[in-house]
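Here it is, the structure in full.
Chain nomenclature is as follows: A, B, C, D, E, F, G and H, assigned in order of appearance, with residue numbering initiated at 1 for each chain independently.
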Amino acid sequence: MGTRPQVGILMGSDSDWEVMKEAALVLKEFAVPFEMVVTSAHRTPERTHAYATEVEDRGLRVLIVGAGAAAHLAGVVAASTQLPVIGVPLSATGLQGLDALLATVQMPGGIPVATMAIGRAGAKNAALFAIRILGLGDPELRKRLADYRRRMAVEVEAKDAALQSRLAEL
Amino acid sequence: MGTRPQVGILMGSDSDWEVMKEAALVLKEFAVPFEMVVTSAHRTPERTHAYATEVEDRGLRVLIVGAGAAAHLAGVVAASTQLPVIGVPLSATGLQGLDALLATVQMPGGIPVATMAIGRAGAKNAALFAIRILGLGDPELRKRLADYRRRMAVEVEAKDAALQSRLAEL
Amino acid sequence: MGTRPQVGILMGSDSDWEVMKEAALVLKEFAVPFEMVVTSAHRTPERTHAYATEVEDRGLRVLIVGAGAAAHLAGVVAASTQLPVIGVPLSATGLQGLDALLATVQMPGGIPVATMAIGRAGAKNAALFAIRILGLGDPELRKRLADYRRRMAVEVEAKDAALQSRLAEL
Amino acid sequence: MGTRPQVGILMGSDSDWEVMKEAALVLKEFAVPFEMVVTSAHRTPERTHAYATEVEDRGLRVLIVGAGAAAHLAGVVAASTQLPVIGVPLSATGLQGLDALLATVQMPGGIPVATMAIGRAGAKNAALFAIRILGLGDPELRKRLADYRRRMAVEVEAKDAALQSRLAEL
Amino acid sequence: MGTRPQVGILMGSDSDWEVMKEAALVLKEFAVPFEMVVTSAHRTPERTHAYATEVEDRGLRVLIVGAGAAAHLAGVVAASTQLPVIGVPLSATGLQGLDALLATVQMPGGIPVATMAIGRAGAKNAALFAIRILGLGDPELRKRLADYRRRMAVEVEAKDAALQSRLAEL
Amino acid sequence: MGTRPQVGILMGSDSDWEVMKEAALVLKEFAVPFEMVVTSAHRTPERTHAYATEVEDRGLRVLIVGAGAAAHLAGVVAASTQLPVIGVPLSATGLQGLDALLATVQMPGGIPVATMAIGRAGAKNAALFAIRILGLGDPELRKRLADYRRRMAVEVEAKDAALQSRLAEL
Amino acid sequence: MGTRPQVGILMGSDSDWEVMKEAALVLKEFAVPFEMVVTSAHRTPERTHAYATEVEDRGLRVLIVGAGAAAHLAGVVAASTQLPVIGVPLSATGLQGLDALLATVQMPGGIPVATMAIGRAGAKNAALFAIRILGLGDPELRKRLADYRRRMAVEVEAKDAALQSRLAEL
Amino acid sequence: MGTRPQVGILMGSDSDWEVMKEAALVLKEFAVPFEMVVTSAHRTPERTHAYATEVEDRGLRVLIVGAGAAAHLAGVVAASTQLPVIGVPLSATGLQGLDALLATVQMPGGIPVATMAIGRAGAKNAALFAIRILGLGDPELRKRLADYRRRMAVEVEAKDAALQSRLAEL
């Protein structure tokens, strides 16, 4: 990733790494430069605020924010930037991410957070959504996305073939 | 809206109008050309598929999709376009939109839907999120968004003043 | 299964096999010919649409569709066929299948999906429900179903006997 | 309805009429003969059991059962007949039908209940699902269903036209 | 248990034994004669109905019924007897017993089921509640219950002592 | 009610009267003497404790306790008496009684509360359950309960007749 | 309120006034000086941050924060002050405050928010909890609180008297 | 802890120790003297009542109460003391603490319980909230809290550094 990051991936703790790296892997696969930052809405409010207010001037274009429990980080970041902010609710308590989902998605009118599914699927899709956004101004990226979607379709057919084998052994 | 639409607002029924017009009003306020379409994932699958596969070539850049109950429309549209799709879960059953929220947000890895809050706040924020996306390539739109956010802040101060009056009469 | 399939079992990924094979096992036990297909509402929308629109002409009579998370597959299939579609919500996220249940069962008026219990019990019952449908025109199948239900009753009595032994050792 | 009923619609109380008549109206529109019965799993267990054990011999082919709260009626009926039983969870308590949904859909393996959406949409879809089943052996009914689905699609287009008018006045 | 049973413990499957034996252990500890039966609301409706209608004449006085998923057994039994029926919702699905709880407790007016907590605590308390009922006419049983409650209180004090030791090592 | 009360109905506030009177009406219909008391677990803990510890000596035999929100009253009363305590969760907050249900039913092992449905149906059933308990030692009461249940069955048939009229006018 | 405020009541909008004034009324009744401020976590992040960082130096001692939907305000304030922060979840969406409750109470370790009940009861209790805190250093306030609690107990007895009248008329 | 305890930590069973010791560890780290007691709302109501009514006179200033299932302990204690009571809902059933959360937080107006997050995070935050309260009258404690918060912020930066290493290896 030699070039200037286009996407910032934020999380409240490095314990969120295992889930949020799904976003990183997709961005890497698509050769989209990104940065990854640990910052907390509650434990480091100044750090978070500083990041959010400066990130647009630093040239980033989309933010992906993972947070669990009473997940405030995405909303807090969205309040201090005009960039599109994508929220990934993480399962960090016994409530399996339902708390994080509601705390992320139910934003009051005025400050939007684009919320993805809870956990890994959400982290992966956050990156793919960032790519859809960035692709609006980048034909090469759109082409890579079209290839990716074709590969997904082929994969489904491969899985179907595997299923037929299993079925034969039933 | 004389110019070519940049945003498409989709809904499954015109009964969704009352909520989804919140998105239309914001886009109008920001002078972002848009179109609005009734199409159903279940009652008109071909119409929906045709819309989704052609919309990018027609020059639209962001889609906003409102749907209630077992809300499949946003996911179905996202499966057939590369444009960013923003989902607005609508409260259409006794479950108060919780069904629509889960049916919209819990997309499996591969096809993202950027989910907003249930109902009016979500419809309004969907438009604001579309504007954040479009603003990435449009400095004038970014300026309008900055103005909008400043007005929101001023409004909070006005509400605070109103509160002080009420408090004095307590 | 030498003869023409009467039931189609669909699922979004071969990872659903472990649960959906419960349906296959029941159909096999009842000697009802069936086919099993991996197809995704989101990753292979064309493949899914093609399957759904052609399946009736191919002579199948009932479809069983397993899907998890924002489970759209059953509804999408039901939108493009007139055959009875039975949905099996799968537990694919931390929400334990509640998301898939609501996304499957809360279909808006017009396009029905006959929803079964979440997971294995649902997959098994989907096959038994297909057999109830097919049995309407097949006295031999009805007889097999009556035998099956008698065996279930006998099994309960056997379990009762086992319980008495355990109780004696309490 | 001069001819022998093919569908039986059951409900626990005549207070369920307002919702369950949606099923009756659809069956009437499709000219499918049906009967409608009040019987309770808890207040009239013998009546319910007698109905369920005799209904197949009386020539009915599909049962639609509406029930609210701890909705046991559909399961109890399904336990005493081999006909396909379609359950409609009704919203009869402050829990908005979530209790009835879970009490209807989460049937253990062995006795299936094909569950529809909570309330009116579910009642309507129950009839349409019964028609899909009956249509398997009735080409004329299949034709009527195809017409019905075409009208639904046309209706969506009419709603779209209505939406464009509203939009023009925004 | 040489004497005639006063309490009947019912469950739908011997897989419920691990939880329901908590009830048996309490009754044994209190020397209350009981019987335990496997019978299913859905798989053996006649057996269940026969049991429920005859149990009062056989001299039993309280029934404890454990059931999971769409837990209908307690309600079905209560519909065919005048004895007090105590329901124990079991966790038999991914919904952790919430389905069984609602299917047991939300009985419509007319036929009551006295519902206990989900799982082991509920099974234990079902027996203690049966003992409270039987104790109304049995001073000796009331005395044993008073002793039991005193022992519970003493146990809390012992746990407090254990806590102080752990605290000292903190 | 000239004779000594056998049942005590407790509630935290007279605002619970509208729901809890359903229990009173049933007891009156069955000529079971009862008393009704307002006492609060939180606002009058001593009053509640005094009532619970003395009620058995005063000759009452069953307690019915209605409470909403964080409904502690039934559990607190059950902790200080050996009488059977029946809890009625009331809908007193926006959560529609789900909070009261869980706070009443999820009692830990040792102190049982026999929980009924949320609201009116629960209040009515609490009285019917008290009658089942009292009926164990009172053949006359059992006879009245059998009559009541017969009347319920007759009422279902009357409702069925009413339904047939409505159906004829469809 | 001539003297320096000891409690600050914050809310995101003056539409929260109707609920949050319950807190104001209690503080007024107890003669605790307070101030009330509209500020939003999302629309005026700087204003909120400024308030929270300066409030301790201005001499306030407890903060009460009402917020609905994805309720971030209490957590955000607690992150920037060392004063005790009491959160009141408000019902501002169709989810009846469940979203606000989880977004307020599920704070990760490090920054506590003392959460009260959803809505009016919570607003009232927030003030009473602030009074318990302030009472630790203020014997006069403790005395007023003891009086208040005595009055609550007397009120329960008055309600009991009212109940007896209603009961007589049943 | 040689000095007189300022905080009392209560729990219903020593099985709650593993979670509640998080509170003890924080208080120890801040050198706040505390005591820890096992007492149950249901199994030892007198013991609980005695503790709650005497604790203020014994000089304690804040109570932390952990309880699971139908968690009544915090409310019951708060009803018999004027000290601030902090409730920690524990996950003790399959409902993952949701039952305990609602039973703790939804206190009716009059008796507040300051509710923390479910489980460990809640226990830790309960201690930090007690420290915020005690800090109001203790500048040294406030200083320690400021240091603690600074260390939390530094820790976030350390985690960020760790993240950068992981990212480099992706």
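Structural remarks
In this text, a residue touches a chain if its C-beta (ideal position, glycine included) is under 8 Å from a C-beta of that chain, and two chains touch if they have at least 3 such contacts.
These numbers were taken from a predicted model, which means no experiment stands behind them.
Common neighbours of chain D and chain G, by the contact definition above: B, F. Centres computed as Cα averages put chain C at a distance of 19 Å from chain D. Between the Cα centres of chain D and chain H there is a gap of 51 Å. Between chain D and chain E, the centres computed from C-alpha atoms are 35 Å apart. Across the assembly, chain D contributes 43, 69-70, 93, 95-96, 98, 105-108, 110-111, 113, 117-118, 121, 149, 152 as residues in contact with two or more other chains. Across the assembly, chains come into contact as A-B, A-C, A-G, A-H, B-C, B-D, B-G, C-D, C-E, D-E, D-F, E-F, E-H, F-G, F-H, G-H.
Chain G meets chain F in the complex at residues 91, 96-98, 117-119, 121, 149, 152-153, 155-157, 159-160, 162-164, 166-167, 170. Those residues of chain A that touch chain B in the shared complex are 22, 61, 82-86, 101, 105-118, 120-121, 124-126, 128-129, 132-133, 135-137, 142, 145-146, 149, 152. Interface residues of chain C, counted against chain A in their complex, comprise 11, 13-14, 17, 21, 24-25, 28, 36-40, 43-44, 47, 69-70, 93-96.
The touching residues of chain C, when paired with chain B in their complex, are 12, 41-43, 45, 49, 68-72, 75-76, 78-80, 92-93, 95, 98-99, 102-108, 110-111, 113.
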